[in-house]
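There are two complexes below, and they share chain A, which is joined by chain B in the first and by chain C in the second.
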Partner chain A sequence: MDNKLTNRQYIALILNSFIGVGIITLASDLCKYAKQSAWISAIIGGILPLFVLLSSAYISKKLDYCEFKYIAERVYGKYLSKIIPFIFIIDSMIYIPIILVYYTQILKNSISQFLPELLIILLLVFSITCTSLKNIKIIGRLSEISIYLTLSVIIILLFFTTKGNIKNLHPFISSYKDIIKAIPKSILAYQGGEVCFFLSNYISNKKNLKKDALIITFTVIFFYAYIVFIVIYFLGWELTSKTNSVLLFIFETQRLHIISDLKAIFLIFWSNAIFLTTSIFSYPMVYSLSYIFKLDYKKACLLPVPILFLLSYISLKNDNFFKKVMEPTSKIISFILIIWIAITVIIVFFKTRGEKNA
Partner chain B sequence: MVTTLDNSIEKNLNLIYSNMPLNDNFITRNIKLKGNISCYILYINGLVNQQYIENSILYPLLFKIDEELYVDNTLPKYLAEKYIPSYNIKITNDVISITNSLKRGKCVILVDNSDNCLICNTTGGTHRAVTESNIERHVRGDKESFVENLEMNISIIQQKLRNSHFKMEEFILGKESENDVVLMYIDNLIDTKILNNIRNKLNSINAKYLPDTGYIAQYIEGHKFSFFPQTKTTEKPDKVISDMLQGKAVIMINGSPQVIILPAVFIEFFQAFEDYSNRFFIGNIIRILRVISSFIVIFLGPMYLVLLEYNAELIPISLIKIIINSRLGIPLNPFLELLFMEFFIELLREGGLRLPTPIGQTLSIIGGIILGDAATKSGIVSPTTLVVVALSVIASFLIPNYEMSLSIRFLRFPMLLLSKLFGFFGIITGAYLLLLHLTSIDSFGIPYLTPLAPLKTSGFKDLFIKMPINSFNKMTNLFKFPNNKEH
Partner chain C sequence: MHKTKLIFKSLIIIILTPFFLCGCYDAVPIEELSLIVGIGDDLDTECDYPYSATLETLIFKGNNKVSHTALTGKGYTLYTTQNDRQTKNSKEWLLADEVVYLISESRARSGIKDFMDAILRDSNRNENAYIAISKQSTKKFFTNEPLYSTTNSEEIASLLEFSKEANFFYTKPTLMNMLLSYNQEGRKMTLLYIDLKEGRPQVTGLALFKGATMIEKVSLSEARLINLLRNNNSTGYISINTSNKENYTDFTGKNRVKVKVSKQNNIFVYDIYVTLKGVLTVNSICEEDNSFCNKEKIQSAFEEKLEKELYKEIQKMQQVYKTDWLDLGYYAVAKYGREKNIDSDNNFCKSKINVHVNVKVTSLGRKLDK
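Then we have the complex of A and B:
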């Protein structure tokens, strides 16, 4: 059987690549600047996935939906094309440990206080490697199921609508300047869509790529804006801005007869998304490693394991390293990737101008 | 090597002898037909119906021939047409076919100066009568179940399924035992890729002895180390027919009342045949209960352990008080307590299974009640642990398929270990790895989590909820090779 993705699987894969730690912290990060209008900043930040996904659809279409390595070779030539995979390798090697660190910290502060960080990281890296070893079709199927679990947070959050106060959201637009100030933070939450450049050639029905890009963008924008909106509606912007893991906090406030709070239930749903997000992120890294070093895909899966483990563990133990090296590097790499996408679109536009299918 | 008959009857006899085990029960009966024509009747005593041979073969050949016979190659055919009143007769010169027929209780008639022979169906022997299955009991519907006799099983299917596309393919598998295996399907419903895949796998079986379909399943399953069965086993003809009409194949083997249905996807193991006979709400409530029960089997024990050992803060104060009080003076920690109880339950269950039914039931009930009560009274285990273990055991009985029930039951142990080692995070990781495994396996090319992943909306009419019977056709064919363009 060939290694193909259905359009639904592609949509689920990209959606899962967006939804990571962001959903827990986004409301808090945005409220610090945009106050009760934070949800508007969350919507505006959606311009990044829109740009990335539409660019990918455009480039893929113009270059006959070929594999990433051929895209790189056709656009940048034989030698320059080897540099681009390196950027993706560094991006994944930095971004995956960042997610793992945030996730481990959340676990340590909630349900796994007794567990050494080393063990959490070990188990996480093991799970990511197990997933990466499967081909993209399997990850696509897994995403297809997981996305329903993740999006079910929307339904769970509906229970909070009766407990909030509309006054918490008034006035809807506090200050345009504040909303704009929050946009960079909002854009950061939408990191991860770049993986689409590696997946578009696997889709069975490539004609719908642009439609898929729009579905993904609007779903993820709705998801983020909805979460920020409900959190502000329930807690108010002041409390939201002062609570780091705000989504976890609001689940913690709910009590049932058989369980003290809903935190554990939420973590079960959300952890699945984290496992998958990191596995999806590892795909560009493994692909690029296999391409550059001419390695078998499975061997390339095992190659980054020690680096991921070490970077995650060092970042956990050394906050300075995390804050001053990892986070800034991740932002720089993300910025470089956006520039790379923009340049590639321009080059492809000029190179394919006048061609028959252009 | 010579594989066809010759004109010399002695040569032919020697040829057959060289391909057959010459035991005492291999009978060679020599008779002289009218005109002193030599004739041999060969069969294996015990496999044939002797009375039938005497009445329908020996008697007419010895006493009914009233004409001069013309001795040539057409004589066997002439005898079959005029003198042998057998309902099933075949003329052949192939030695392999002759020896295979003899081993299956058929009778071979050799005539002098003829390079072919007659094979009469004289199969006899004693067989178990068709009765109700002890393993799969239905409240509604057909009570018949398969028996050990292959021909009988085929006839049961053909009595109930009058479809002109119904096809059967015969295989002889097992190098030493030469077991008869039949592959059945509806040729306009089954995907040819799946069918070819099954055929190839059956042909590639390199086994000495195949006494049961369970052996075949293990030879042909793609993921041999998986916890989950990739073929469905049943004794019920109605299930077999229903599944064939969904585009699946069925494998039967002579000597086993269990047949295997393939391909089989995960959700099917939670759908009982009776669901479709029951009314909409009743059928669905039972089906949802089954799905919940499998979660209870896998996760209840580990969750209880985690809540007690690591995350007591997640239990409301009123509940934790009861649990703590019930655990006062218990020497074992919750993990050992659970492990001990689970082990004890497995002992009882396995013990009960091997004993005759009434004794087995008594052992399970008396053992469960008396030992459970004694264990709590003596302070080895707490009553709450007993409740948790008992709940997960009862929940495991709701899963209608025995193989899946076993798989899910034994998944408790790795999950219990993960929860002991890593707490809640261990359960989360275990559940994720389980989901990853389920999505990565397939049954003869059909993804195991179909119709969930890859998503097939048509399959949702009969997934966790069964829509009213008139809004969907149970015969909807989900079992086609994945065609990505459809999505």
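Then we have the complex of A and C:
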């Protein structure tokens, strides 16, 4: 029990792994293509986390909730199982710098113009390493606190319900083609559920895994679709697609007494979510590194630090590198991951059916 | 014991690091700051530089003494005026607390696309600042002697803020509302027009825009009718007059606008339902004409009068201005699809517009009519 995650901690942890930069950037990314029906694209994009979480629940149930290395060995054999973790290592090594770059850019544009970029990145990588040095139980407990603060954005956005116009959202569906075209843009927001493959042996209550998957997915979908909906309702899709950090922009316009505006408060809550998201992302990477190179877990934490730092610093300084190398690679690696999950589900299905018959 | 010590140590580190990293190294005392409260943009046709901008700033003299000053800079662009302005200023600028933006009429008529770009791009600007078009150059407004506030900007800002109390003006003529009406498809900008009369700023009409260029300035009586058709939940005063100037009816109320769009033979048909809800404040007409004691009679008289005026205004808009300043394209676009050029002015001029005014008198007041 000491080293296990409770049900609520598990839900909070996976939710936190999804909710990151997407809160701020998703609306403008989708509006460029899907226009006023961007919120429908946000709902359809939720198929990805649903698929990842449900297949994870299925695989862990069939393989008796064992650790990830046993899953890999049982499904892929002794030699192939050494290659599979590389997918997760590259996945985390690409996505953590992308999140850090977005986060640093937003910080530079909003509240910390005076801090040099190098220092921000250094602090962020330092905090990620510090958090991942602790075990997953600590991250679970932190996420349980942080997720309530992050989800409070739903309440903050209720301020804008009286200020918009429903005409901004009409006609709800004008072109199916545009809606489908926008769905791949939501991949950054819905990325991050893969960590659930590594957690199945940590969960204390294993019966509810499928139910948890549904709860998590619908919360995430509701959260994102709600944000996109309110933003379009308030601003209209034209203005939404013209600004890069649209949520901060609309928070700036809401003036309150005592505190000048909501932006600073939101950034404090949201920074917590970003620190946790990146820490959760680093868990599969550290685990895989310690598995492949047969290292101690704490030593494996320090191994990726220079790579993470260099990748994020280069992509922050060189916009071409970020747009032409990092972003396409991230899409390819997500695609490979989805295929890997699908193949694993099929193999597990046939293997376990054979066992029952025999 | 060991654990609490560790927590204490880490807390000290966490609290102290921000102080060292982002401490007040370059901070300046308030006496050396130029706190910008108002920004004015002008077009200078006479000199070599096309743009000139005037900033009104607060001056702190110590002992709680605060006064104001205005500085003008000239340049080729919006922000390079700062090069010129800084040479006259012995202090550091501080943006983000400005309360009012003014744009002179000549500048607005030549187009303010660059200004629209700046307010969206520069996150230091305050989106809740009020904005208006001024008849004279903005320098005259800011160098004026304020009557009740420390600065002219505060006076103009409160003037614009409370313009909503009459004439059916919209509630917040801020940069944010300007950005929304500029960017949303089918909508057009309308900004308040202020004038310097006898040394006091005063709202004298409505400046009407097409894209980012000012086209027309309408008087207050015309602006009232346009506002009545455009804005929702705004307050205004209207009356019925007779030949005798003592006998008339006064009505105070709030409006609500609903627009229905339909299509007949490729021509758009707009049905504008204007509902006015309010109270009677004067009804001396009933001493002459007994039928005016009846609530229904008063309501229908108001409806008839308003419909006549509104039809006249719409006709003028379709035939003289040939521009859709009633935001009707906004409703058409919402029904028939976006980005299809449905909201064009050509479509508006050809379209058929019906106005249905519905006046509801909720109370006849304390007085009992015979």
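Going forward, the second predicted complex is superposed on the first by the 346 of 358 C-alpha atoms of A that agree within 3 Å, B and C clash if a C-alpha of one lies under 4 Å from a C-alpha of the other, contacts with A are read in each partner's own complex, and residues count from 1 in each chain.
Quick note on the criterion: a contact is a pair of C-beta atoms (placed from the backbone, for glycine too) under 8 Å apart; a residue touches a chain by one contact, two chains touch by 3 or more.
Note that the structure is a prediction, hence the values are computed from the model and not measured.
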Query: Which term applies to chain B and chain C once both are placed on chain A by superposition, clash or fit?
result: clash
Partner chain in contact with A:A72 - chain B first, chain C second, else both or neither: neither
Greater residue coverage of chain A in the superposed arrangement, chain B or chain C: B
- request: Please work out whether A:I268 is in contact with chain B alone, chain C alone, both, or neither, and reply first, second, both or neither.
  value: first
Message: Just to be sure I read the superposition right, which of the two partners does A:K35 touch: chain B = first, chain C = second, or both, or neither?
response: second
- prompt: Of the two partner chains, chain B (first) and chain C (second), which one does A:F114 touch, if any: first, second, both, or neither?
  reply: both
Task: Using the superposition on chain A described above, determine whether A:N168 touches chain B (first), chain C (second), both, or neither.
output: second
Message: In the overlaid three-chain picture, which partner chain does A:M326 touch, first (chain B) or second (chain C), both, or neither?
response: neither
Task: Name the contact category of A:I187: first (chain B only), second (chain C only), both, or neither.
output: neither
- request: Could you say whether A:R255 touches chain B, chain C, both of them, or neither, answering first, second, both or neither?
  value: both
- request: Superposing the two structures on chain A, identify the stretch of chain B from 151-159, 187-195 or 223-231 that clashes with chain C.
  value: 223-231
Query: Both chain B and chain C contact which residues of chain A?
result: 112, 114-115, 119, 255
Query: Okay, in this complex, where on chain A does chain C touch?
result: 35-36, 109-110, 112, 114-115, 119, 167-168, 170-171, 174, 235-236, 238-239, 242-243, 249, 252-253, 255
Statement: Per the touch rule, the chain B residues reaching chain A in their complex are 310-311, 313-316, 319, 422-429, 431-433, 435-436, 439-440, 445, 447, 449, 452-455, 481-482, 484-485, 487
Query: chain A touches which residues of chain C in the complex?
result: 21-22, 26, 120, 123, 127-128, 176, 179-180, 183-185, 330-331, 334-339
- prompt: Which of the residues in chain A end up touching chain B in this complex?
  reply: 1, 4-9, 107, 111-112, 114-115, 119-120, 123, 127, 130-131, 134, 138, 141-142, 144-146, 204-205, 255-261, 263-264, 267-268, 271-272, 275
